[in-house]
Amino acid sequence: MMDPVLEIKGLDVDYGVGDEAVRAVRDVHLTLRRGEVLGLAGESGSGKSTLAYGLTRLLAPPGVIRGGEVIYHPADGEPYDVLRLTDKQLRDFRWAETSIVFQGAMNSLNPVHKVVTQLVDVIKAHEPGTTRAGRVARARDLLKLVGISADRLEAYPHQLSGGMRQRVMIAMALALEPRIVIMDEPTTALDVVMQRQILGQLVELRERLGFSVLFITHDLSLLVEFSDRIAIMYGGRIVEQAPAADLYRDALHPYSHGLLNSFPALRGPRRELAGIPGSPPDTRGMPSGCAFHPRCPKAFEPCPDRVPLLGTPGDPAREVACWLHPVATS
Amino acid sequence: GGSSTAAQGNPDAVLNVGKPDGPQAENNNPFLETSALSNMGYRWMIYEPLVMLNRVKPQEPGKPWLATKWDWSDNYKKLVLTVRDGVKFSDGQAMTAEDVAYTFQLLRDNKALNVDAVPYKDITPAGNQVTLGFDTSQFVNQVKILQTLVVPKHVWQGIKDPALDLVKNPIGTGPYTLKSATPQTMIVTRRDGGYWQEAPKVKEIRYTSYTDNNAQVNALVNGASEWSFVFIPNYKAVYTSKDPQHYKLWFPAQLAIHGLWFNTEKAPWNDPKLRQAINKVINRDDIFNQGEAGYFYPKNDQVTGIPTPAGDPFIAPQYKGQSVQLDVPGAKSLLTGAGYQFTGDKLSDPSGKPVTIKLTVPSGWSDYVTDLEIIKDNLAQIGITATVEKMNQDAWMKSVDTGDFEGLMHWTNDGATPYDMYRDVMDGNRYKPTGQGGINGNYGRYKNDEATKALETYANAEDDAARTAAMATLQRIMIEQQPMIPTSAANSGGEYSTKNWVGWPDDANPYAPAQPTLRNALDIVLHLRPAV
Amino acid sequence: MRYLLQRLVFYVFTAWAAVTINFFIPRMIPGDPVQSLIAKNQGMISADAIQSLYVLFGLDKNESLISQYFDYWGQLFRGDLGISFTFFPTPVSDLLTDSLPWTIILVGITTVIGFAIGTGLGVVAGWKRGSWVDGLLPVTTFLSSIPYFWLGLIALTLLAGPGSFFPSSGGYDPGTVPGWDPAFIGSAIQHSLLPALTILISSMGSWILGMRNMMVTVASEDYVTVAHAKGLPERRVMVGYAARNALLPSVSGFALALGFIVGGTLLVEIVFSYPGVGYQLFQAVGSQDYPLMQGIFLIITLSVLAANLLADVAYLALDPRTRKEG
Amino acid sequence: MADSAVTTEQSPSDPVAVGSEGDLPVVLEAAGLTKHFPVRRRGRARRSIQAVDDVNLTLRRGRVTALVGESGSGKSTVARLLAGLHARTGGDIRLHGDTVNVKHGKAFRAYARRVQMIFQDPFASLNPVHTVRYHLTRALKIHGRAGDDLEQALHELLSRVQLTPPERYVDKFPHELSGGQRQRVAIARALGADPEALLADEPVSMLDVSIRLGVLNLLRELKERMHLAILYITHDIASARYFADETMVMYAGRMVEGGDSETITQRPAHPYTRLLIDSAPDPDHLLPPTQEGHFHVKVPDPAVDDGHFHVKVPRAEAGGEPPSLIDPPSGCRFHPRCPVAMERCETELPPRFDVGDAPGHWAACWLYDGAAR
Amino acid sequence: MAVPAADVKVAQALPLEAVARRRRFRFLTGGKTVTGVAVIAFFLVIAVIGDWIAPYDPSARSSDLLEGPSARHWFGTTHLGQDIFSQVVVGTRSVMLVGLAAGIVATILAVIVGVTSGYLGGTPGEGLSALSNVFLVIPALPLIIIIGSAVPTGGDILVAVIIGFTSWAWGARVLRAQTLSLRGREYVEAARATGESTWRIIFFEILPNLTAVIASSFVGTVIFAVMSEITLAFVGVSGLSNWNWGTILFWAQSQQALAQGAWWWFVPAGLAIAVLGTALSLLNFGIDEFVSPRLRGSGKARVKGADGRTHRMRVGFTPVLGREEKP
C-alpha cells in the first residue's frame, strides 16, 4: 500500500453555531495516498465541497470546523495537523503543499487582473527570492503545460473560453508543484468534449509530476473512468470507499448502488434504471441512525436507530458504513 | 473714549466695514444699484455728490460739496449750480462744470441710469455754473437732483454703453481710490493728495461682504467689522454687551414707513372705520421690541404716520404730539357704531359675515413674520380671526403687484419730505384696479380724489403755504381714512465700534445717518478720528 | 471606441435636454428680476426706479419665450453666458470664474479625501468584520444623518470665536489679497478647515458603509477564496483581490459625487460665508437672475456629465470586462 | 481494435417502433429555421451571431425527439424559436401544417396553449415570490382551463407530476422545494395548458443524478399517457439514448446528424457525433484515458475488409475550440476540428446524406456523399 | 462520534414553513433594524398625536421670552415666547408627511419609469432611461427651490410632490438596472411562454422581486425628502406655512439663537433630524441585508466555541472551534 499524504480523522464541519447550525460534514475519516486519484462522489449537498474546503480552512463564514484532525505527511519531516497551523504557517502550507481547483473557473480568476499577474502572484508569495523575469518564464511554461499558447498570458479572464480558464486554474494549481491537488467539480460547467480534454491532460500531468488528486464530482461515471479509488458521501458522512473498479462492479452500500443505477449507459444494453427513490435529506433535520434509511430499499431494524460506522467489511482495500455489512473493527 | 492700545491695535489706520450681502462681482459702475460699489458703499468714498444732505434732518439745507451754491427759481423749474473750484479727480484732472453737465446729460440720455426718473431737459454749462431746466416743478425731486454724483467727462466719454460698463478703474473726486476688489473683500485707500478738503484720518477702508446676517454679526462681535448695517436680534445680548464701552448702534428714522396694508378695494377692508379700529389695537411696542428687536425699525405711533423726529417739521400743528393709543374698547365701540356686531368674541360685518383676514408674507422675512404674528394676536382682541400665511418671495411680490391679497406688511418710498411716503400710500394717479399688475406704489388700491389732488398740489404748488395746506390735507386723510396702518419707521443707521475710531454720529450729534452705504458715509469717514 | 462614441451621443442628448429644462424652469417663477431687486432692498430703491431697471435689464422688450430660447443657444455657441442681473452688468462667466475655484478646491478636495478615507475605512471594516472599525459604523451613520448646516453651525459656535484658530467666516483673511503668495494660501487653507471638516464628517459615513458592504460581498467571491488558498499575504488579498473589485461600484458613485461638487454645497457656503458657487446659485434663484442661474446650471450639468464620462472611462480602465473586444 | 458489441434492444415500454415514425401525425415542424442575433460591437459592418442556421425539425405525437450538441450550439435557441419567444430570422414553423406567425396577444396565447416550454434551470424558472398555487393557477387560467373547480384542476395537475399529496405542495414557495420537486412544478405548469408539444430545454441538467432520473421517467410516462410530442434538449447523449426515440445532433447552429437514438449513439456517423460520444464519460469503456481514441468511419472503400477504417487521434487533441458563431467556418462548420476533414469540407456546405445503416439515419458530412449515390 | 439522536429530534421539531418564514423576516431581528423601526414608529406616533399632546399652541406668544429649558417649557422658548417643545412635537407631522409623501411620489415615479424602461427595452426603454438621466443631471435642490417658488403657497403635500418629482431619477436608474437583469431571468421568460401578458409580467412577476430594492429606494428618498424639506425651510424659501423642524431652525438661525446663547432653540430640532435620519438609515441596513443574502448570511461576526472562547469569523481562515487561533 502506498504511503498516505493526507489523513483526515474525525472531521466535523458546521455552518453556523448553536441550534441553527447545519452539520454539513460529520465524523469523516479519509486517507489520500501518494500519487493516487481519489474520487469523492455523492449527491448534491452531501458535503463534498464542505469537506474539501474544511480541510484547508477555506470555508467562508458561517462555516466553522468543530473538530477532527487533518494530518499532512510532508515529503520530509514529521507529519503535522493542518488545523493546528498558525495563520502564517497555513499560508505557507497552502498551494505549496495543497492546491485547489474550484468548481467555477470564471469565478476563481480575479476578473480585473491579467492571467500572468495571477500566476506570478502565487509564485512570488511562496518564493520571494525569484526574479520577475523568472516568474514570468515559469508562468509561460505552466501555460504550455496545459496546452495554452504563451501569448494568452496577457489576457484577462473574460477573454478566455471556459475551458481555457479551467486550464489556467489547473496550471496555477501546479505552479508550485504541490503534493496534493484538490479538484472540486472542475468540469461540471463544461461540455463533455472539453471535459475529456481537460481530464486527459490532468491525468497525464499527474503521471509526470506525481501529485495526489482529490477529485470531487457527483458524476460517478466520470469517476469510475478516471480515479483509482472512490469515496461515496451521503448526508455529511463517507458511506463507502473502495477501488474504482471494485465499486463499479460491486457496490456494497445501497446508496452507492443506487447512484450507479441512476446513470443511463451510453454503450452496452439499454437497461431500465431504477434510480434512488425519495429525496435527499434536509440538512437541518437529518434522519436519525443511518441517514439513508428512509430511502433505502434494504433498510432493516438497526438502521433508523444506530449510526453505522465506517469499517472494513472483509476486503482490506474497501470500507463501508452499512448495517448490511458488519465491520470487523470500528 | 478709546483705550491707549487702540492706536497700536490699528497702526495702519484701517477701517473695517462689513455687509451681509454675499460675494460680490468686480463691478464699480456708480450709477447702478447692482454694482459692488453701491452694495458695499465705497461708491461714496470715490464719487461725491453735489450737495451733502442729512437724512436724519431733512429740513436742513445741506452742506455744499461739489457744488458751492444751488439756486432754484421759476417754481423749481430751473436750477443754477455753482461748481466748486479746485476739485481734482483722482487721476489728477480738474473737475469742471463740464463734468457736472456731462453727468446730468448721461442721466438724461440713458433712461436705464436715471434711477430716480427725474425729467431732465436743458443742461447748460457756463463757466463754473451749470443750469438745469425742467418742464415741471421739481420741488419733490430737489434732493434727488442735488445729490447727484459727478463722474469725469474725459473718462466716461470713452465708455460706449455706460449702463453696461463695469468701470474696472473708478475715478472720482472722493478722497479714496480703489486698491483691490475681490468677491469677498474690497479695499479703498486714501489718495496721496489732491483732495479738495482736509484728508480723512482713515488710511484704508476694507469692505468685507459676509454671506449672511449671522456671519456679519459674528464679525461685529469679534471686531472683524467695525461698521455695518445689519439686523441683530436681541442686540444687547448678542452685540453691545460683548463690549458695552465700544460697541454701539444708532438707527434714526427716515421719512418712510413700514406698516399693514389692506387691499382697500376688497370688502370689508374698504371700510375706513374698520381700518381705524384696527389702528387702535395694533401694539406698536410689541412690534418694536419683539419684531424689530427694540431698535431696528423705530417705533412709529404718530397719528399721521410721519416718523419722528425726522418728520416733525411737516406735521400739521393740530396733530403735533399726538400718538396712537392702544384702545381696545374704543375700537370695539367704533365698530359697533359702524354696524359691526360681536357674536361671542367674534366680529362680523354689517352684512353678518364674520371678519377674517389672511395676512401674507414672504417666508424668509423674519421681522415681518414676527410683526404679523403680533398683529394677529392684536386683531383677535377685536374678534377678527387672522391667519399668517408664509409664501415665497416671488409669489408674494406678484400678489402685491396685482393686489391679490387681503393684508400684508409692506414699506413705502422714502424722500426728503413725507410727500414720497404719502404718495406711495394714496396716489390715485398710480391706482390700478385689483388684478392688474405693473403697479408702482399705491399697493392698497386706494382711490381718493382729494388725496390725489393734494399730492399734485404739493408737488407743483407755487408757494409754501399751499404746500403746507396740502400736507395737512394728506395728514387728515391719513388719519380719517387710514389707507394703511403704519407700524414702524424705516431707518438708516448702523452698528459701529469706537474701539479704533471715534467721531461717529449719534443722538447727541446726529450729523448723518450711520449707514455705510449712504452718501453721508463719506461725511462720517471724514469725521472719524483715531481713538486715543 | 464605438462604445465611447455611443456614450458621447448620449451625453450630447442629455446635455441638450438638461440645458433646455434649465432654460425653461427658472422662467416659471412668477415676477421678474426687477421686482426681486426692489423687494431685496425694501424701500432702499425707490419704486420710481422700476422703469429704469426694466430698461437696464433689457426686459422692456417683449420677446417670446421661444425666440429667447433660440437666442440663448446662439449665445451659448458663442461661448457667451449672458449678463447677470444681480450684479448687472457683470458677465456670468466672470462671476463663475470668481466663485468656481473656491467651490472646486474646497469641495473637490474634501470629496476626494472623504472618499479616500471613507473607502479605506470601509475596506478595513468590511474585511475585518467585527473589529473596532466595524464598530464605528453606527457612529458614522449618526454623523452622516446630521444635516450638515446644523453641524457646521454647532462647529462654528463651539470652535470658532474670538481668539480661536478657526476663522468663523469667509474664504480668506480680509487683509490678504488673493494671489499665489504664502500668506494668502495659508489663510485660505485656514479658512477652509472648518467647512472641510464638516463636509468630511457628514459625507464619510456613506462611503464607509458602501465600501464595507461591497467588501463583505466580494470577500465571499470565489476568487477571494482562491487568493487565500494560494497562500497570498493578507494585505495582497485584501487590497489586490477584494478591495480592487469592491471598488468598482463606488467609482460611479464617486464620479457622481464629483459632478455634484458644484451644486451640492449651498448650505456649507452659507453657514461659513464661503465664496463659492452654491451660495451664488442660491442668490441667483432668490433674485431671479436667469442668466446666472442658467450659467450655474450649465456648469453643474456639464460637470456631472463630465464626471459621468470620467466614470465611464475609469470603469473602462479599472474593469477589463467592460473593454469589449472581439 | 474491434468495435464494441452493439445490442439494439428495444425497450419494452417503448410504444413506437422505429420504422413506424412516418405514420405518427406531425405536431410541430420547423423548416429552414434560422436565427441571427445582431451584435452591437465595434466595426461598422453589422455583424450577427448565427446561432441557428437552416434547421429542420419534426416533432410527432407521442414521440420524444432529442436534440444534443455542445454548449452554445444553438439548442436553446431552437427551443425558444419554437416556443415563439424569439422572432425568427428565417424559415418556417408549422403547427399541424399551418405556418405560425404570432408574437403576442390572443393568438400567441392560443399558440402557447398548444406548445409549451420547460426551462433548463428549475431554480430560475419559478418566480421565487409566488407559491406553487399561483404558478399553476395562472397556467390554468390563462388558457381558460380553470373551469368551475380550480382546486380540483390544481390537484389533478400536481398528481400528474407525482407531487402527492397535492395539499402538501400547493402553498409552498419554490425555495421550499427540492430541485426535483421544482422541476416537477415547472412541468406541471407546462402541462397546465394541456399542450400538444412540450419543449424541454435541458430539463435535468441542473439536477442531481438520482433526481434526474425521476424527472426523465416522469416525462416518458407523460409522453405515453398523453401522447405529447416532446423535444428533449440535452448535451448528455447517454440520457438521449435512454429517453428519446429519435436524436438530432447540432453543431455550431446547424443540424449535423439525425436518426433514431439507438443508431446515433451506437453507430454515430458524423465525426462530431463520434467525438461527442467518445468524450462522454463511460465506465464501461474503461479505456485508459491517455490511450489514443479512435474514430470509426464507414467509407465506400472495398479494400478495407470490415467495411470501416480506424482513424487514430489522440483524444486530447481531438477537441479544439468551439467555433465563433459570428464568423463561422466556411463549408462544413466542423472542418477545423475534424480529424478526417477533406478539401471540399472547407468550401462546400455538406447537405444531408442518408447513412444507410438504418432507416432515417442521415448525416450532413461529405464522407457519406458516395454512400448516398 | 455520532450525533446524539436527541439533537436531531429537536431540529426536526421545527416545522419547515416556520423556519422559512422566520428566515424571511430575519432582517427584523437584527438590533439595528429593530432600533430603526422603533424610532420611526415613535416619530410616526408623535406625528399623528402631536397636535394633541403638545402642551402649547406652537405659535402662541407668551411673556416668557427666550427662556431656557424649564419644567414649564421643556425645550425653552423663542423670542416671542413660543414653546419650542410644542414646535418640535407639532412639527413632526409635517416632516413625516413630507418625507413619506415625497417618498411615495418618487418611488411610484421611479418604479413606473425604471421598471418600464428596463422591461420594454428598445426605443421607449432608452427614451425613459434618457429621461431619468436628464433628471439625474439636473441638480435637485436648486430645482426644488425654483419649482417651490413657482407655486405661491404650497402646503406640505405640494412641497412633497415637488421633492418627489425631482428625486425619483436615482431610484429609477437602480430599478432599471435590476429590471434589466430580471428581464432575462428564466421565470420571466417562462411566464411569457405560459402566455402571460406584458403588464401582468411587469406587475406580478417582476415587481414583487423588486420589493426590497423599491423599499430601500423608498427609504432613501424619504431621507432625502426630509433633508430637503428641512433645508428649504432653513433657507427660508419654501412655501411651508406650518411648523416643522426646518422652520424651527430657520427661526433659530434668523434670530441668531446660538449667538444669543439660546442653544435650546437650535439643538432639539437638529437632534431630532439626526435621530430620524439615523433610524431611516438603520432601516435601510435591514432592507439591504434583506436584499443581499450575502450580507444577511454573514450575520454574526463572532462565534463562541464549546470552550467558551470567541472566534472571529474570517474569510479564508475558518475558525477551528475548541482550539486556540494562535499558539
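Order of writing sets the chain letters: A, B, C, D and E. Residues in each chain are counted from 1.
As a working rule, contacts are C-beta pairs under 8 Å (C-beta built on N, C-alpha and C of every residue); 3 or more make two chains touch, one makes a residue touch a chain.
In UniProt terms, the chains line up like this: A, D = Peptide/nickel transport system ATP-binding protein; C, E = Peptide/nickel transport system permease protein.
In this text, all values refer to a predicted model and were calculated from it rather than measured experimentally.
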Strictly by the touch rule at the top, which chains does chain A share as contacts with chain B? C, E
Considered without chain B, the complex falls into one piece
Comparing centres built from CA atoms, which chain ends up most distant from chain A? B
Could you give the separation in Å between the centres of chain C and chain D, each centre being the mean of its C-alpha atoms? 57
Averaging only over C-alpha atoms, locate the centres of chain B and chain C and give their separation in whole Å. 39
Distance from chain E to chain D - Cα centre to Cα centre, in angstrom: 50
Taking each chain's centre as the mean position of its Cα atoms, how many Å separate chain C from chain E? 23
Using the touch rule from the top of the page, what residues of chain A touch 2 or more other chains? 53, 58, 60-61, 87, 90
Each of the following residues of chain C touches two or more other chains, namely 29-30, 156, 219-220, 225, 227-229, 270, 286, 325
Which chain D residues touch at least two other chains? none
Chain C touches which residues of chain A in the complex? 53, 56, 58, 60-61, 87, 90-96, 99-100, 102-104, 107-114, 121-122, 125-126, 156, 158-159, 172
List the residues on chain A that touch chain E in their complex, please. 10, 12, 17, 19, 23, 26-27, 53-54, 57-67, 83-84, 86-87, 90, 282, 284-289, 305, 307
Flag every residue of chain A that touches chain D in the complex, lowest number first. 43-44, 147, 161-163, 190-197, 199-201, 203-204, 207, 218-222, 224-226, 245, 248, 258-259, 262-270, 272-273, 275-276, 279-280
Provide the residue numbers of chain C that touch chain B in the complex, in ascending order. 29-31, 35-37, 39, 41-53, 55-56, 83-90, 94-95, 98-99, 156, 161-162, 168-172, 174-175, 177-178, 269-270, 272-275, 279-280, 283, 286, 288
Per the touch rule, the chain C residues reaching chain E in their complex are 10, 13-15, 17-18, 21-22, 25-26, 28-30, 127-131, 134, 138, 141-142, 144-147, 149-150, 153-154, 156-157, 213, 216-217, 219-220, 224-225, 227-229, 237, 260, 263-264, 266-267, 270, 281-282, 285-286, 293, 296-297, 300-301, 304-305
